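One structure below.
Labels run A, B, C and D following the written order; every chain starts at residue 1.
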Amino acid sequence: MAKYGFLGLGIMGSAMAANLVKGGLEVVVWNRTPDKCLPLVQLGAVAASTPRAVVEECALTFAMLADPAAASAVCFGPEGALEGIASGRDYVDMSTVDAGTAQRIAGAVAARGGRYLEAPVSGTRKPAEDGTLIILAGGDRSLFDDACGPLEMMGSKILYLGEAGTGARMKLVINMIMGGMMTAFCEGLALGEKGGLRPEDILEVLGAGALANPMFKGKGELIRRGEYPTAFPLKHMQKDLRLALALGDELAQPLHCAAAANEAFKRARARGWSEADFSALFEVIRG
Amino acid sequence: MAKYGFLGLGIMGSAMAANLVKGGLEVVVWNRTPDKCLPLVQLGAVAASTPRAVVEECALTFAMLADPAAASAVCFGPEGALEGIASGRDYVDMSTVDAGTAQRIAGAVAARGGRYLEAPVSGTRKPAEDGTLIILAGGDRSLFDDACGPLEMMGSKILYLGEAGTGARMKLVINMIMGGMMTAFCEGLALGEKGGLRPEDILEVLGAGALANPMFKGKGELIRRGEYPTAFPLKHMQKDLRLALALGDELAQPLHCAAAANEAFKRARARGWSEADFSALFEVIRG
Amino acid sequence: MAKYGFLGLGIMGSAMAANLVKGGLEVVVWNRTPDKCLPLVQLGAVAASTPRAVVEECALTFAMLADPAAASAVCFGPEGALEGIASGRDYVDMSTVDAGTAQRIAGAVAARGGRYLEAPVSGTRKPAEDGTLIILAGGDRSLFDDACGPLEMMGSKILYLGEAGTGARMKLVINMIMGGMMTAFCEGLALGEKGGLRPEDILEVLGAGALANPMFKGKGELIRRGEYPTAFPLKHMQKDLRLALALGDELAQPLHCAAAANEAFKRARARGWSEADFSALFEVIRG
Amino acid sequence: MAKYGFLGLGIMGSAMAANLVKGGLEVVVWNRTPDKCLPLVQLGAVAASTPRAVVEECALTFAMLADPAAASAVCFGPEGALEGIASGRDYVDMSTVDAGTAQRIAGAVAARGGRYLEAPVSGTRKPAEDGTLIILAGGDRSLFDDACGPLEMMGSKILYLGEAGTGARMKLVINMIMGGMMTAFCEGLALGEKGGLRPEDILEVLGAGALANPMFKGKGELIRRGEYPTAFPLKHMQKDLRLALALGDELAQPLHCAAAANEAFKRARARGWSEADFSALFEVIRG
């Protein structure tokens, strides 16, 4: 029976790897700080001592690292994943990385005869635990087909979008729309409040019509209470808007609304809300 | 048994009045062009020859006119509704009118001893037929309570928002958010398309996550096909953004995102999309 | 010898009327509070007791009132200017009024057989005293030709722009550009300051190149010192941006930059800078 | 007598080096394509065969290269300037480069014991020929003092702004203001035109008041005629706006007006105006 590797056992990775084990797969795990492997081992996984060791033992290895720097270190570092890659030992990187990092990893994997797939996810802790992530894959189509089984244990919606890079672009597009929606939402709440409307009435009307969506419902209730527990940090929302605008710059696509939203989130950063949830934008729009 | 009046039998008014008849009420109807009364009469309503005649016969009269000019004409014109108003003969105006028109009607009704409620609706033909409109009421609270029975036959969500004017303001706030969401949505679709993503993939990802909402689903499918059958005319969307920005001006609430959306819709008007559905904004944003 | 009337002796009007007297004309003046007539009488003017009396005595009467309400009152009120208008007794309104007010006055003057010219001015106290205003005339061309002599005593640049309304539109266009320039200027100063540049260096570089203009020079020095003595109130700047955007709405001209500037000035109003000079925008942009 | 080196003899560099020769200095020149050296040699300069040879012969070497890539190649390439740098052989880079490139060159020069000054210029061909450039220097103060003599032969305004990087930042700030001014200007012209005003009247009014500036005068006349001969390419204007916004992002300075201007210039790029003068923005704003 084929074995599957999993590199990176943070909040997201631990939950995702656990779903592979629960799904009946043989899983070999690795994490920079080894103690994070223990819960997985108790579930039935096997721990290895280096990324290279994981890759050498498995037909297919998944990686879920915190950022581009971590993704690069795990791939390219000494005893890193790359050293184990070969024909028949493939790599699916589920970390959210920039296009440049993705291309470097893709090229290096291919140069050693392995196949590469990027598969960033949309969704946070809860969907990771429930196996209901949205997985945005781009890269080698045959690898996508081969990896579908385990991917379906981690996500409820799995899309193959095209060549490498399309997964990352999709994430930017979705998050850009999210930033614009949040800005429009906060402006509406602020205008309504100044105009004598109760926030709970605005939320009720929004929830009853064609604009109803889980984000307005969840964040709206928190905004109404003035609470901004961080699910998605405001500084990351602004960074994604910035990257989406840079993509628009590259592709000569004007984006007036996203640009206005970006400046609004920048104002929120300037006022000290970087680490709060991105819905804290409301505090700055209300003025 | 009390009778209820209904003035204005356009697409919306016909459906709404029909729901009152089907709900078992005795309804007296009037329309400027009398032949529109026939289907209602066949359902069991009685037709009257003037607005005044309707009001004189009923404890409570609803009005659903096309615009502020029509609402004023029906109220203030010769043999108009106002001439029939008196203590015990009240008026619920469900037309979408500006604050000035609402205040003039409210004042005139009160001056004759009647009670006044504004109750603009959110929703179009289908919810009107299904009795699932969202009704945004403002004005006389006791009249709201008395009118709840028939209002519940027309809408599935009925809110009393406060003094006269709050209903109209709520509608502007909701539509301003809608305009911002549509702009963000079109920008995302345009950026994705230029970036090599398939629109159907973007729609699928949006539909699977926290941003999922009926508008993206319905309009997204039409945008994908390049079809813009008019459900809500683009020029009306831009007008509502303009009015919302004017309200923001009055209340000193900056609205950068709504302002950018407004200019985008103005560009669409300049390019000849005024009468198309407001989702035709996509054609202009794509450039 | 023909006599000239002058209605309205505020800061601007007093200086303008004085220039007519100094230019050797026979001038009949009126002001709502009569004591403002004294300095003009000492210069050689004659005071009259009502606007009507002024108009009846003069071939041509100039008006310089504070706002549309004052301009309407002086024209249409009892013993107002209109009652004196007739063929051979014409009216040049130099007040800044909206298009509606201008059209009402123009129509009423024409109905009584008089000629009408709008001639709003660009410039404040100093140019009014020096006779160096910019005069933006629109309306009756023959009256413009006849009035050129006295207009040249008040302004150094006199333009006939076309039909009635073009003068007012020109003023909006100029002030819209001014609002955009001020916003760009303040953003540049704020960015430079955060980036470690000295404001005096930025002003020096600006003053040495193709962007050099009197406004940057004058306001830049005050902004650098954090002083905002009111030459042009911020609330008026924002009002002009609003009116320019409304004109853009009417003409379907998208104005993204002006819209962003307008929202920035709205934020300044919300923070209490309404009565300060419009250059106080800097305080809000710096954040 | 000390010798001065000059690397890069494009349109700008040729004119600048010529001014050094005419100023009586001994100048050693180099250019990638050697034939560009001839006119300088005829004026009295000496040509060298490599950047290294120039630097080794001179106490002070100026560089004026086309872009960051060229500036890096000339400095770091084989037989490049860096190989000649030593204590007493200093480097003044007048090219417009990004902060990263500047820092790499500055560090390398210092590591070899030389002094480094960045000195980008504001102004184009004509001021370069006339010796009336604006020079924005940042870096080693003592080198600035030593270089003042030759710098004054090239520019009429020479500023020392502070540490390395301040020169580049100043250029971005100035160009960001320029982009915002151009956008406001084009919006005003477009609105006026749609509103029945003659462009020449708008230009005349602008030229007579506090907003008058050489750019409006020069570009306005060209825009009126619909001619856009390239003095400053539109794509470079947009690039500078993008870099200024990136600086604003880094420093958490919201820049709503610059962001709107940037999107407008992006639209112009999308419509094929990249290589035209940046005043061609008007064509896109007019719609």
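In the analysis below, a residue touches a chain if its C-beta (ideal position, glycine included) is under 8 Å from a C-beta of that chain, and two chains touch if they have at least 3 such contacts.
Since the structure is predicted, the reported quantities are computational estimates derived from the model, not experimental observations.
A.B. asks: Please tell me whether the contact surfaces of subunit A and subunit B are same or different in residue numbering, using the over-half criterion.
C.D. replies: Mostly same residues: over half of the interface numbers shared.
A.B. asks: Mind checking the centre-to-centre distance between subunit B and subunit D? Centres are C-alpha means, answer in whole Å.
C.D. replies: Comparing mean C-alpha positions, subunit D is 56 Å from subunit B.
A.B. asks: Taking each chain's centre as the mean of its CA atoms, how far is subunit B from subunit C in angstrom?
C.D. replies: Whole-Å distance between the two chain centres: 41.
A.B. asks: Quick check on subunit A: which residues sit in contact with 2+ other chains?
C.D. replies: Residues 248, 252-256, 259-260, 263-264, 267, 270, 287 of subunit A each touch two or more of the other chains.
A.B. asks: Can the chain contact pattern be summarised as a line, a ring, a star, a complete graph, or none of these (other)?
C.D. replies: Contact pattern: complete, every chain touching every other.
A.B. asks: State the interface residues of subunit B toward subunit D in the complex, per the touch definition above.
C.D. replies: Per the touch definition, subunit B meets subunit D at residues 256, 260, 267, 270-271, 287.
A.B. asks: Note which residues of subunit C are touching subunit D in the complex, please.
C.D. replies: Listed in rising order, the residues of subunit C that touch subunit D are 122-123, 134, 136, 156-157, 159, 161-163, 165-166, 169-170, 172-174, 176-181, 183-185, 187-188, 190-192, 194-198, 201-202, 204-206, 208-215, 218, 244, 247-248, 251-261, 263-264, 285, 287.
A.B. asks: Would you mind writing out the residues of subunit C in touch with subunit B in their complex?
C.D. replies: Counting only subunit C, the residues touching subunit B are 238, 242, 248-249, 252-256, 259-260, 262-264, 266-267, 269-270.
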